[in-house]
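This is the structure I have questions about; it appears just below.
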Amino acid sequence: MTVGADTLAASDTPLEIAGRTFRSRLILGTGKYKDNQTMVEAITASGTEVVTVAVRRVDLDRTKEEGVLYHLDQEKWSLLPNTAGCYSAEDAIRYAQLGRAAGFTDWIKLEVIGDEATLLPDVDGLLQAARELVDEGFKVLAYTNEDLITALKLEDAGVAAVMPLASPIGSGLGLLNPFSIRLIKSRLSVPVIVDAGVGTASDACVTMEQGVDGILMNTAIAAADDPVRMALAMRQATQAGRLAYLAGRMPRREQAVPSSPTSGMLD
Amino acid sequence: MTVGADTLAASDTPLEIAGRTFRSRLILGTGKYKDNQTMVEAITASGTEVVTVAVRRVDLDRTKEEGVLYHLDQEKWSLLPNTAGCYSAEDAIRYAQLGRAAGFTDWIKLEVIGDEATLLPDVDGLLQAARELVDEGFKVLAYTNEDLITALKLEDAGVAAVMPLASPIGSGLGLLNPFSIRLIKSRLSVPVIVDAGVGTASDACVTMEQGVDGILMNTAIAAADDPVRMALAMRQATQAGRLAYLAGRMPRREQAVPSSPTSGMLD
Amino acid sequence: MTVGADTLAASDTPLEIAGRTFRSRLILGTGKYKDNQTMVEAITASGTEVVTVAVRRVDLDRTKEEGVLYHLDQEKWSLLPNTAGCYSAEDAIRYAQLGRAAGFTDWIKLEVIGDEATLLPDVDGLLQAARELVDEGFKVLAYTNEDLITALKLEDAGVAAVMPLASPIGSGLGLLNPFSIRLIKSRLSVPVIVDAGVGTASDACVTMEQGVDGILMNTAIAAADDPVRMALAMRQATQAGRLAYLAGRMPRREQAVPSSPTSGMLD
Amino acid sequence: MTVGADTLAASDTPLEIAGRTFRSRLILGTGKYKDNQTMVEAITASGTEVVTVAVRRVDLDRTKEEGVLYHLDQEKWSLLPNTAGCYSAEDAIRYAQLGRAAGFTDWIKLEVIGDEATLLPDVDGLLQAARELVDEGFKVLAYTNEDLITALKLEDAGVAAVMPLASPIGSGLGLLNPFSIRLIKSRLSVPVIVDAGVGTASDACVTMEQGVDGILMNTAIAAADDPVRMALAMRQATQAGRLAYLAGRMPRREQAVPSSPTSGMLD
Amino acid sequence: MDNSNPSTIAVTINGETREVPEGLTVKDLLAHLDLHERMVVVEKNREIVRREDYGGVGVDEGDAFELVHFVGGG
Amino acid sequence: MDNSNPSTIAVTINGETREVPEGLTVKDLLAHLDLHERMVVVEKNREIVRREDYGGVGVDEGDAFELVHFVGGG
Amino acid sequence: MDNSNPSTIAVTINGETREVPEGLTVKDLLAHLDLHERMVVVEKNREIVRREDYGGVGVDEGDAFELVHFVGGG
Amino acid sequence: MDNSNPSTIAVTINGETREVPEGLTVKDLLAHLDLHERMVVVEKNREIVRREDYGGVGVDEGDAFELVHFVGGG
């Protein structure tokens, strides 16, 4: 009923970002879970090897258990700090430096938000911050919009991965613009990870079928009625979309073609 | 990296058709493969437990190896004979009886075709044949169109499964009418297996997300550039779509919702 | 700002049904309007030449004004009685005969409904009734589903027009299955009028772009916030879709092509 | 059969850009027509009041007839020079100044292209040029991508209209991302004119249904098999989409609702 | 209508039993019900009565009539 | 197959006329055609012959046989 | 055009070097090239020359001119 | 925490003014606040304090500290 690890490994090459390789093409966020246990179970079920975390003030009046590190086994999952909530290059750089100072990684998921209602990126601030952080030696994974030109500039800036959105963060609207995503993938050499907007398994599957290198998601799993089961679904869907892309789909035809022989019929 | 059989088994109930249960929700056709070895490898990779076969004349002038039974281990796969190529209830009944006389099964995938160019079913002939074959004790899995009314009549006729198409046989156009498929599933008690039209993994995934019980496909795998890899993709996609349906997807929203906390930002 | 009648007339051939010709390709229902004045204004704005009416008992206890004929100038609009609400061939035939006995027309919009929740046609009853009514000399415009095979049988039965649905009556879901509609149009000689499901102007436009001969609608206009304005929109959209179909659209390309010259640039 | 000018005028408010009002919501390009007569006939049929032109070198070795002004009656159509072919803010500003120096208008359709294969805008250069040209007193109509943040910055820069694309110039792929267009319209005060990508009438209709103020197109008409008829289709489709938006469409329902009374049936 | 008249008969009209005067024709019945002939189609005992026959067809005890007309519909 | 045998009969098999030796049973016929019983279903004159009857059912002049089996199909 | 005239100068027009008579104004140049003033915009050495100045601005050895107009475009 | 101690100083921590004992190092401050060094990153007056310097960097009147850590986020 299920697929052996070796079978799958033989069916795809590993994902490589900034010199590290991963067998899973999923990156998961750790926000919005109803409790930490569900989060850990969902992350485990997803098969991901990288999880994002946010940098926030310690709450001096609450239990120290709130820190997510208490729940994440760093043998199992690499941390990817983000700059979520930053509305300027300056803020994003500050949060990135704090994230690195924690001593776990020099990777950063760079977000420079341009608008509170949509959480769409400010590409001008994004490019500034990306250039600065690359100079400072960060491995930058840049959350961006569907614009090819910005994606090309991010690649020129030396980012480790370009992460265009499928649709707005937390919207669950799925892949609104497959054409633009396919276009970006076709023109870039660095990995393209679709970040944000996936709502259900088929969104992940069709996204991978565009040929992108991976998907980053959070709400689609955390806000599902059953996050652990959805995490499993996302894992399968991401593999399925990747394999289908590699396998090369049949041509579409506007007419029918029999799957059984038309000869050898009886009198 | 991959999912244990027990994990998946725990995540879904088995598919039950005519009193038999299956762990795989995929049924595969055996037609149109470039060679028998590829067929067997693809069927194996797909994890299916049921494969369809056609009833045709023995070619007295060719090697007897052509019979598909020489290649299919019946310990692994149950046979599902079809009536492909039949354009009347009478012909379909005759082929069904021949299929049963082979002594392997009393199941029949019933097709009564109404038009050669589209291979769309003739629902009048289909209902006649279904009623007759049910009377004769067959377990009828009926290939039909997207019409709810016909689906309800097939259920009344006592078929074991209703199999509406996603799009025409061999077209690879995917699920053209999710609404009708969802509607049929919502009104029937017998299993609904979507048959024909799936072109790639995301088609299988989105089809299962409509809540149907399974998918029957042939060309999407046989005519992929790499049928074995596509079979693996279809297996994952079918599981993914099923799990996502069971998990309950997040709501769609036309605005963004942060996945990181908005409080605890620095001054 | 607007288009002259002659310009448009020169741009399209008239619609011909059962030997009569029409300049408008819209047929409107007269149900569900908030009042009769709005109905008349909307019908007028739409430019239609044919309106459907239902056959119902006179309410002996209410004013005789309720009859729709008091509001419809038969110089302007031809009546097309329907068999809405009939669930058997027998009932539909009875209502058709009553409609004809009113003395206005031998045309009938034939509906044989198979299910109350979806109002989808019972194609078996539909074909029976169509054959009987054609024998009795009716001009039958048959409401049917998206099934090509049924459409072909209706044509064989001698109907004056085949009227497949875009989506369920009153749903406003638009053209769910352009492929099937295109397919039906490509195989039939009698006029194909898409009946039911159109929700807004672009639905009408894209429906006409499939090459069909006309559209019948009711709820999309009657249930719009501003029915008269929507009627005008539908009239324009139907003409637009028809003209675009006749004009032959540009090819789709997955790359850009400049609309200004690339030569003659300055140094 | 056709709609009176007064009826339509009464059904919509005029489009206002930079203090001028227009009854047509279509702007047409003048490129790529097979000959000037077809261009003039198509522009006339479209009902447009504004046409774009490009700034290019005089060809000293060819007839002076090539200049488009010889064919465009400026009593009928206002000219909108563009900066097509410019890949930097500096070039775009130079072309804009040349266009204004011709003495017809201080309006400019601003394009700053970022990539030759896709003709997508370079939003950084676009914003620089827009700010400079607004300072110089130009009325800037800015061709941009689907990014809300850039659109908001263009509005802040003082442009007269924001013109996001439906899909790449000359692609005919239609409105790839209705959500983003709707989003931009919902957040801006200046007119939003969708520019580029429309392929056929229904694309124009569905684009206007998003609530935008107008559409600019060229290839969809110039490259149709019959440009004049397509121009007429686009005129009707644009009006239809606008009116449908204003009329307020019926709600979508996943079930059927009868359009004829369910009471008053016979025994 | 006047039910005091001793000589009435019971007929079914549109599913309801009604007392009507004895000896009416269909034409009289419509007038009695204040309905315009042009606007109504009459079925008597499941048979359509042609308009030109209204004056000749009688209304008898126990007859079942359906009186229908056109209403707004799609 | 051997057509030199003077005592053969003509039968129709899968639409073609063939000469086969006289006096065969269906079981013999399959052997004669080098077909495995398990793999073939036999229809004689439009009637299916059950496998257990192959030995008992004869092949006579003018009989029409359909010999079918399973092939790859969707 | 006539290049036999000994007193000509070389200027660049739309990227090409051309010999034109000495002592022309921009107005003369356009006439020389048979171009209508109304239809053309002139850039001299990267500076736009206003139409009203055509008569006053001279054409000198080595000047670079861009003569542009409107063509069909989207 | 104990505010009765006469010798305290006022510092800003995560946007709030707090009295803390005089003469603390950053290391002491974290202990005072019952925070694990490994889990917290310290910014003093907008400068990040490297973990190895916690013991050497003092806490003075008016200093502004940001004490941050990782929380769940997407």
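As written, the chain order gives the labels A, B, C, D, E, F, G and H, with residue 1 at the start of each chain.
Here is the rule we use: a residue touches a chain if its C-beta (ideal position, glycine included) is under 8 Å from a C-beta of that chain, and two chains touch if they have at least 3 such contacts.
Predicted model, so just to flag it, every value in this text is computed and none were measured.
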item: Identity of the chain that, by mean CA position, is farthest from subunit A; value: E
item: Contact-richer chain pair (by C-beta pairs counted) among B-C and C-G; value: B-C
item: Distance between the centres, which are taken as Cα means, of subunit D and subunit B, whole angstrom; value: 47
item: Mean-CA-position distance for subunit H and subunit D (Å); value: 58
item: Cα-centroid distance, subunit E relative to subunit H, in whole angstrom; value: 97
item: Between subunit H and subunit C, distance of the C-alpha-averaged centres to the nearest whole Å; value: 75
item: Where subunit F touches two or more other chains, by residue; value: 15, 43, 66, 68, 71-74
item: Per-residue multi-chain contacts in subunit B, two or more chains; value: 29, 31-32, 54, 56-57, 82, 84, 118, 120, 169-170, 173, 179, 218-219, 254, 258-261, 264, 266
item: Complex contact set, residues of subunit H against subunit B; value: 15, 43, 64, 66, 68, 71-74
item: Subunit D residues touching subunit G - in the complex, by the definition given at the top; value: 29-33, 36, 39, 52-58, 60, 64, 66-70, 79, 81-82, 84, 97-99, 101-103, 169-170, 196, 216-219
item: Subunit H-touching residues of subunit B, taken from the complex the two chains share; value: 258-261, 264, 266-267
item: Complex contacts: residues of subunit G adjacent to subunit D; value: 13-16, 33-36, 39-41, 43, 48, 50-51, 66-74
item: Residues of subunit A defined as touching subunit B within the complex; value: 1-5, 7-9, 11, 23-24, 29, 31-32, 45, 47, 54, 56-57, 59, 82, 84-85, 94-95, 117-120, 168-173, 199-202, 204-206, 209, 218-220, 222-227, 229-230, 232-237, 239-244, 246-266
